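Here come two complexes built around chain A, the first alongside chain B, the second alongside chain C.
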Partner chain A sequence: MIRREVRHLYLHKGTLFATLTFFALSLFCVSLALGPEEKILRLTTPALCWILAILTTLFSTPLLLKDEAQQGLLDEILLQPLLPAFTLLSKIGAESLLLGFPLIIFGGLFSPFFALSFSETLTLALTLLIGFPALSALGILGGLLTLNTRGGGILIALLILPLTLPLFLLSLICMEKVRLDLDSLPPFCLLMGVALLLTIISVSAGSWALRFAVEE
Partner chain B sequence: MVKGVNGSGKSTFLRLLTGLIHPPVKGLFWEGEELKRQNLLLYQQNLLYVGHKLCLHHDALLNDQLCLWQGLYNISKASLEYALQIWGVAAFKNKKISHLSQGQQKRLSLSRCSWLNRSLWILDEPHVGLDLEGKVTLDHILNHHQQKNGLVILATHDPVSTSKEIIL
Partner chain C sequence: MKYRWARPNFFLKITTPLLPVSFILTLLFLTGGLYLGLIASPPDYLQGDGMRIMYVHVPASWIASLIYAFLALMSFFAFVWRHLLAEVLAISSVPIGALFTGLSLVTGALWGKPMWGTYWVWDARLTSVLVLLFLYGGYWALYKSYSRPEQGIRAASLLALVGVINLPIIKGSVEWWNTLHQPASLIKLSSPSIDPSMLTPLLLMAGAYFFYFITLLMIRTRTELNTRKLLILEAKK
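For the complex of A and B:
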């Protein structure tokens, strides 16, 4: 199922490319804007990376869903013998592979610009790896809830953006603990728990929202 | 056959029959049983629905679309290619779907009738956008399906030989 969704998502390579370019260019511009002060760079980078990851995911996933809805492909999902939740999960898997991994790789590639040590880069990559499926699930939920509304982007910012805050804050705590050489396991475990919970809630609510979205 | 003037609710009625829309008053019944969450999936495995939205990936090549169908419906490539020949779109396999004409896209979407083995077909104005040859192919396939004891529910403004009419 994930392979099918990957193939499907790959058809939207233009949107994916634009999303990744936005992420990489924004990160590059920010690195130039912050100046050469190493301390400021090291302190602000994790938050910037996360903010950009949240923005790129929450605003690109609904676009992909809108495209699918216009072509009638959401009807096809509901007429499959599988529960819609499984299709949504495979969409999250595909998005994590085609969008999540490249974002993490870009984050790693840009780490020298931000004077991040190897352990800090690794932690940042790990937090993004844990958090991205939840971000993708929230993006799908936001996309489905706002599919038939005007100005869906604003609604997503109001409805979904606050839900990403626990992921964002816990990731920053993880980074801070690693930077200060403290035990980072508890915030990591908490981050995993919150990411899992958000994914489960988003997928369950998303399957429900999907039924309402196609009724319009 | 479902008949009615524009805006009378034919498409909504057909979507209700597919289970995509929840019935507002009374439930949906199939073979004497009310369709609920548990048996809706089973019912939907018996039906083929082609609506106004053609369920095609506009950014895909026709070949890519075939691969996606193969994965989704577990169908052999030979069956798909045979169906494309019947519908006269086999020559466009390396063309982008968005580059096909409206009629060719409709033929491609309707080719499901030829490769998807389902007993109940729900078709929303399938003749719209088809040329004369396409309409003949469609009528032939509809007749063939009915001869095999298949059930077809279609909304159309074209004259079709039918056993029952529902006027909305």
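For the complex of A and C:
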């Protein structure tokens, strides 16, 4: 199933590529704006990476969903004998593979430019890896909720950004602990738990939203 | 028979006498609370007269969260049973909740300037109240962006339900992240660390806000119900 969704997503490689470029370019722009001071960069980059990751998923996921809705693929999900939640989960899996991994690798490749040490880079990549499915799930929920609205785009940010706050803050706590050489395991475990919970909540809410988004 | 209490007409009938009662109660509590809070109660030994802002601030924060709980409950009813009255009650409570959240933020900032030396800090409680404001805003924006209100209300109630599950998590994570706010001094049930002369106006103000919420809620709900009735009548013609 994941393979099928990956194939679907692969048809939109243009969008995916644009999203990744957006991520990389805005990272560079902000670091240019902040100046070459290593200390500042080291402090701000993890936060920047996270904010940009949130923004990219929040904007690209609904775009992809809108395409699928126009092609009638969303109706098909409801017609399948499987629970719609499973299809949504496989969508999340596919998106993590095609968008999440490149994003994390990008972040990892560029982090020496921002004066991050190896362990910091590793933590950043790990938190992104764990947080990404939850972000993607929230993005899907937002996309489904706003599918039939006028406006759309900006609205998703307003709806979903506050909900992504715990992931973001917990990973920043992790990063800070690593930077100060403290034990970063407790916030990390908490992050995993919260990410899992958010994924479950938004997938189950998403399957309801799907039902009435398609019904109209 | 079971749903007799939830019928819109029953609501209209029962609120006709209740509305003035609740309005008068609001006025009574408000005058009592303001008099005791602003004039009769002693100034705080540490914070002086600036502490009197608290009589406006603290109950506003309470009521803001209470209204969110109410909104979530009504959203649940609206989502599961698609009940008209629950939908209308939910929509009517949102602007009032946003109002109290805004009031809490503004008075908190005004209090923070002389006490903490700054209008705003990125402290746990402040941030979570701000998030609450965004949740109210998101609900309203989502509801308004659908061209048909009955679609909008379903999407918005789903959002409110997700929001209410997330709220404790957001609160917890923010609290862990940073805190400066003083812990609540009322929760310790055995012996509240607050003097009765200060507690009374606080509770009176909370009562005033509560009845103000009820009054506004009734007015807004009645207006909305009557508007819908009119629309249906016009559609019939």
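In this section, the second predicted complex is superposed on the first by the 216 of 216 C-alpha atoms of A that agree within 3 Å, B and C clash if a C-alpha of one lies under 4 Å from a C-alpha of the other, contacts with A are read in each partner's own complex, and residues count from 1 in each chain.
Here is the rule we use: a contact is a pair of C-beta atoms (placed from the backbone, for glycine too) under 8 Å apart; a residue touches a chain by one contact, two chains touch by 3 or more.
Note that the coordinates shown come from a computational prediction; the quantities given were computed from them, not determined experimentally.
S.K.: After the overlay on chain A, what do you see for chain B versus chain C, clash or fit?
M.R.: After superposition on chain A, chain B vs chain C: fit, no clash.
S.K.: Once the two complexes are overlaid, how big is the angle at chain A between chain B and chain C (Cα centres, nearest 10°)?
M.R.: Once the two structures are overlaid, it is 100 degrees.
S.K.: Counting residues of chain A touched by each partner, does chain B or chain C come out ahead?
M.R.: Partner touching more chain A residues in the overlay: C.
S.K.: In the superposed arrangement, does A:R7 touch chain B (first), chain C (second), both or neither?
M.R.: In the superposition, A:R7 touches chain B alone.
S.K.: A:F28 contacts which: chain B (first), chain C (second), both, neither?
M.R.: neither
S.K.: Taking the superposition on A as described, I'd like to know which of chain B and chain C A:Q70 touches: first, second, both or neither.
M.R.: first
S.K.: Once chain A of both complexes is superposed, is A:Q80 in touch with chain B (first), chain C (second), both, or neither?
M.R.: The first partner, chain B, only.
S.K.: Would you check which partner chain A:F17 touches, where first means chain B only, second means chain C only, and both and neither mean what they say?
M.R.: In the superposed model, A:F17 contacts neither chain B nor chain C.
S.K.: Report, in whole Å, the shortest distance between any C-alpha atom of chain B and any C-alpha atom of chain C after the two complexes are superposed.
M.R.: Minimum C-alpha separation, chain B to chain C: 11 Å.
S.K.: Across the complex, what residues on chain A touch chain C?
M.R.: These residues of chain A touch chain C: 141, 145-146, 148-152, 155, 158-159, 161-163, 165-166, 169-170, 172-173, 187, 190, 194, 197-198, 201-202, 205, 208-209, 212, 216.
S.K.: Quick check on the complex: what are the chain C residues that touch chain A?
M.R.: 79, 131, 134-135, 137-138, 141-142, 145-147, 151, 154-155, 158-159, 161-163, 165-166, 169-170, 172-174, 176-177
S.K.: Looking at the complex, which residues from chain A come into contact with chain B?
M.R.: 3-4, 7-8, 11-12, 14, 70-73, 75-76, 78-81, 83, 211, 214-215
S.K.: Considering only the defined contacts, which chain B positions touch chain A in the complex?
M.R.: 18-22, 41-42, 44-45, 47, 49, 51-60, 64, 67-68, 71-72
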